[in-house]
Amino acid sequence: MRVGLLTGGGDCPGLNAVIHAVVKKGILHYGDEFVGFLEGWRGVLDNNSAPLTLAAVDGILDQGGTVLRTSRTNVRKIEGGIEKCVATLKANKIDALIAIGGDDTQSVTNALIQAGVPGVGVPKTIDNDLYGTDACFGFDTAVSIATEAVDRLHTTAEAHNRVIVCEVMGRDAGWIALTAGVAGGAHVVLVPEKPIDLDHVCGLLKYNHDHGKKYGIVVVAEGAKLPGGGQATQGSKVDSFGHARLSGVGQALAEMIEGKTGYETRSVNLGHTQRGGTPTAYDRMLATRYGLAAIDLVHQGNFGRLVVLRGTEIKDIPIAEAISKNRTVTDNFLEILDGLEPKV
Amino acid sequence: MRVGLLTGGGDCPGLNAVIHAVVKKGILHYGDEFVGFLEGWRGVLDNNSAPLTLAAVDGILDQGGTVLRTSRTNVRKIEGGIEKCVATLKANKIDALIAIGGDDTQSVTNALIQAGVPGVGVPKTIDNDLYGTDACFGFDTAVSIATEAVDRLHTTAEAHNRVIVCEVMGRDAGWIALTAGVAGGAHVVLVPEKPIDLDHVCGLLKYNHDHGKKYGIVVVAEGAKLPGGGQATQGSKVDSFGHARLSGVGQALAEMIEGKTGYETRSVNLGHTQRGGTPTAYDRMLATRYGLAAIDLVHQGNFGRLVVLRGTEIKDIPIAEAISKNRTVTDNFLEILDGLEPKV
Amino acid sequence: MRVGLLTGGGDCPGLNAVIHAVVKKGILHYGDEFVGFLEGWRGVLDNNSAPLTLAAVDGILDQGGTVLRTSRTNVRKIEGGIEKCVATLKANKIDALIAIGGDDTQSVTNALIQAGVPGVGVPKTIDNDLYGTDACFGFDTAVSIATEAVDRLHTTAEAHNRVIVCEVMGRDAGWIALTAGVAGGAHVVLVPEKPIDLDHVCGLLKYNHDHGKKYGIVVVAEGAKLPGGGQATQGSKVDSFGHARLSGVGQALAEMIEGKTGYETRSVNLGHTQRGGTPTAYDRMLATRYGLAAIDLVHQGNFGRLVVLRGTEIKDIPIAEAISKNRTVTDNFLEILDGLEPKV
Amino acid sequence: MRVGLLTGGGDCPGLNAVIHAVVKKGILHYGDEFVGFLEGWRGVLDNNSAPLTLAAVDGILDQGGTVLRTSRTNVRKIEGGIEKCVATLKANKIDALIAIGGDDTQSVTNALIQAGVPGVGVPKTIDNDLYGTDACFGFDTAVSIATEAVDRLHTTAEAHNRVIVCEVMGRDAGWIALTAGVAGGAHVVLVPEKPIDLDHVCGLLKYNHDHGKKYGIVVVAEGAKLPGGGQATQGSKVDSFGHARLSGVGQALAEMIEGKTGYETRSVNLGHTQRGGTPTAYDRMLATRYGLAAIDLVHQGNFGRLVVLRGTEIKDIPIAEAISKNRTVTDNFLEILDGLEPKV
């Protein structure tokens, strides 16, 4: 078969591991040919592609980014976009299409499927908030990087009796903040799912201070809601992927904490360092399994499906189901935070 | 309540994170007192313990090893052992016991429960082969360390046109070899669940050699079965935890490969470096969740249970069920390897 | 002897390794007693101290921060400060004082020496700009962290055809930017020693763009001078250590680059993550050697000296000489950048 | 100019960073052309080469290994070897040759220079034992890897009350063992420069045991001399680079320690993991500076020289001088170990 492949949306460690697995199994086992469309759906719109051979994917398994590059081009918002894509795929004699991406990307995959294109989806969201799967690759890497940063902040905060606020990714869902906060032993963890209660935040820091721990680490998701309405005023400066620019909720919160407690407070925003670089072993394995399952679906003729993780097994669900809603941090996960906090 | 706590069997990154979570939630939310028995069941047998306060668990979340230390003492193999343990627990006015450990440790927990001790288990096996749970803490850390080593071996093997055999942990189950092998892009991965086929191994290396890749990385589990009967002759030198000593299957296999192919072949055994040091964020989170769930079970009076991961949720199952069998690498996981290999 | 010890100024990975070495050799070889003054000179002013025993320094070698904590209290700016310090030292029967810190800290050490206190200095500056020594501990760790971040930024920038500006520490000297920039393969490196030439910066990025590399990595020291006068307007918000707060030169420069080139440009500021956490092996070794040399100087009665690295040897120079001037990036180091850049 | 380039001897992190710097400055600043001879001197003997363009060195700065590959072929031991090399260089119209390698490689460079070839040397030894330079790239990376391993071994050894012996590289010089041992807080460090005194080793471990530290970490260089004559009997199995195979001095020493003290003792040999993978920032910078200096020497017509580090500056010395003797661990470095040890 002649299979098209693309990566859409924000980049994410593990994208290359998916590509590597798809192409390797496709060529070695099924005798497929691969066409890589460049920069997400833009490459399909503009018919910009490159062949993906075994040589092209050699050694990319552990590389961050995506050799196909990516973009946020959303075909559905472009008039005649779907038709143009269908035409490109026909012109390239594509028998099946594998699209790796999040909600936005998969909504286009879904539209193409409805237009008759045999498509399969691989989920991708560094925020881990896609509905229907236990895990998305890239998330574990982001959490690892954030946790290592939090580990480092402990000693410098402690040396200076300071509070340090560390802002991490997570616009709608607080999985990265929750996991890196718990794993990093942060004293306060704040997620978008629960409005920030400044009294509670300062109460926790004060409790520690009164019990001999004269420093504090606060991990906050970029999408956490500041008290007094909405996000940081700087939050209006969002980038094209909807992520807050540098001076976001973390810095605003640091100023509030210092104002209220009098403790010297600093902030740091991990920004783009969280999404680059080599994926963790966990993410490489998950991405590889997704890739293998996706090419298997193609050869089973099982289209319109998204590969997902359920427990230890790779399964597949309708793409339409996955993009219908988000998976945010639920109460039983917020109880983890409660369980580790003093009552203040 | 007055709760006893111990860690048994081989050490594993994440043990301290479990202790940290149990003690923090126990004291801060339930008003418990904690007694830590030292060096596994030996501490219960000998009535050797230390109080576990908030101060004692401060800052241990990210530390490897276990502040309670551990041993392989198996109470069931000692005459009157169970009675002695019951007496110690009574003497210490222990209302409930939380035992963190693998099959051997939990078989004692189970025996104590049958003798009337209110006990709860937390699973621990770095090999990830415990039945009934999707994951055990420590495994992700071991895989990370092994994968980083495999990453490093690629460049030195390539620079010298060599084959390097990397031996990793896994006596009965090949999860570490499988995951680190796939994540590290090894060319051959060998697990205990499938006898080594030397022709196939050398065939894969030769295929790569003939296609321009003049080096090879082989990842082998310590328990993999060499061709011609059983394990490496050196395999008889096992340590007290049943792990092969330094010169094991890896070195024997390297000699076989060099003999058969003529390719210069070296071996390295990652040994104890795989089980020490700070746990990954994944393992810290999982261990924390296990600890929180274990102390909750105690306060629910839900004894005889083992906390487990199912999908994204923490559940609990009867201890007796978990220790009844092992979870080894099944065919659908071996297919991952097939999917990435050329047909030779 | 009874020896006082303190750490002053901004914290720096390796401070604990110095303390560890001083105390270990002092107790084990010289039979000394140690008094640790807490939070830098503030602890001497306020007579706030704790004994430093072998147990107190066990296991701190690889820890970031400083068990003695630190502050920026400058005794010389406090009326009667020097006299108060002399009195505290006398009251504690201190025979000799070892002060670990940078210019500010050592200027107090020097004043105390002139007031008759037998003192020895250990240099500390994460910026590596202390005159008279080839290297300061902490710098290598900061560079490692910054380089790993730059490594990660490459793949995310490339995936999106973006320019990413990474701001690193270095107020007066650009050693961190220079080293992490070169080691990380940044396309543009900007230091405080040379005013930023925006045309040149954009020219380099455009050259790459025209030659197929459609992304760019810019590493900029926080103290680099923006074109059009001085630092970033946000630069006025400096913290108590004189370091720019979050929105500094990096963000301002990113906006200038995007404005001039039209390339999508993002910025990230590594901030406090650069100075926390476990030191590199290099820094641990250097800090250990400094500590051993400092306690040797004390027992040689060789006061008023600062330990320094010269080539591979530890030497000592007058404290007064070291604090007289800074070591900034010189032309022969700037030539490294020229050597790797295209001519534009 | 038309410049030849090769890497010889054992591989070492940083080789690619040298190649990257040489080629970039050569092409961008001097307008040179580069011919890369493959697999060390073997490529010159056999006239096996590939052009080195800017594209060929793009992105290799942070890669371990060497894109030119390497071998231990020693031209001087091959009859007519020097003449053959001279002929190849002439046939390729090589105006100057840059050889990156250790003693053996540079002895050939020197012989070629005497035969009229305009050559320049870049020093390379992971053991850091080359005479005439303060540091060689690759060493810092090896030490980092070994130190991280030692860090990890602490917690597993402590959890089990064990002694763990960690064998590291260093056949003639103990720099890696010394530095990783001190940085990793090992309790005993053993180097080739001083025969192992088993009584002293066991005395140190016993002292710790008697003072509450019931575990021990021993770092031993592969070339350390065991008591009772020579190296481990297994030491006869050396690889083609003279490095001991897996079961070397570490395992033999572990057995001796367990025999003498009765403490449970394990060993691990870090082996090839120490020389692979991405170089540290320190090594990337040093290698880059060496590369830039080497191509400068070529254009200054300053042949027969080896680039070296002296303090913070890159200098050059006659190749003949560098290969005349080794730089081993001297008494003032052994005093570091004495300073940190109890007197037993």
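Should a chain be cited, it is by its letter among A, B, C and D, assigned in written order, with residues numbered from 1 in that chain.
One rule holds for everything that comes next: a contact is a pair of C-beta atoms (placed from the backbone, for glycine too) under 8 Å apart; a residue touches a chain by one contact, two chains touch by 3 or more.
From a predicted model like this one, the values you see are computed outputs, not experimental measurements.
Contact with both chain B and chain D is made by no chain of the assembly. Path length between chain A and chain D in the touching-chain graph (shortest route): 2. Using the mean of the Cα atoms as each chain's centre, the chain most removed from chain D is A. With centres taken as mean Cα positions, chain C sits 34 Å from chain A. Separating the centre of chain A from that of chain B, both taken as means of CA atoms, is a distance of 29 Å.
Note: centroid distance chain B to chain C, computed from Cα atoms, is 40 Å. Shared contact sites, meaning residues of chain A that touch two or more other chains, fall at 151. Residues 7, 10-11, 13, 15, 39, 63-66, 69-71, 145, 148-149, 151-161, 164, 239-240, 245-247, 250-251, 264, 266-273, 275-277 of chain C touch chain A in their complex. Within the complex formed with chain A, the chain B residues making contact are 21, 24-25, 28-29, 58-59, 61-62, 134-135, 140, 143-144, 146-147, 151, 179-180, 182-185, 213, 278, 280-282, 284-285, 288-289, 292, 310-313, 332, 335-336, 338-343.
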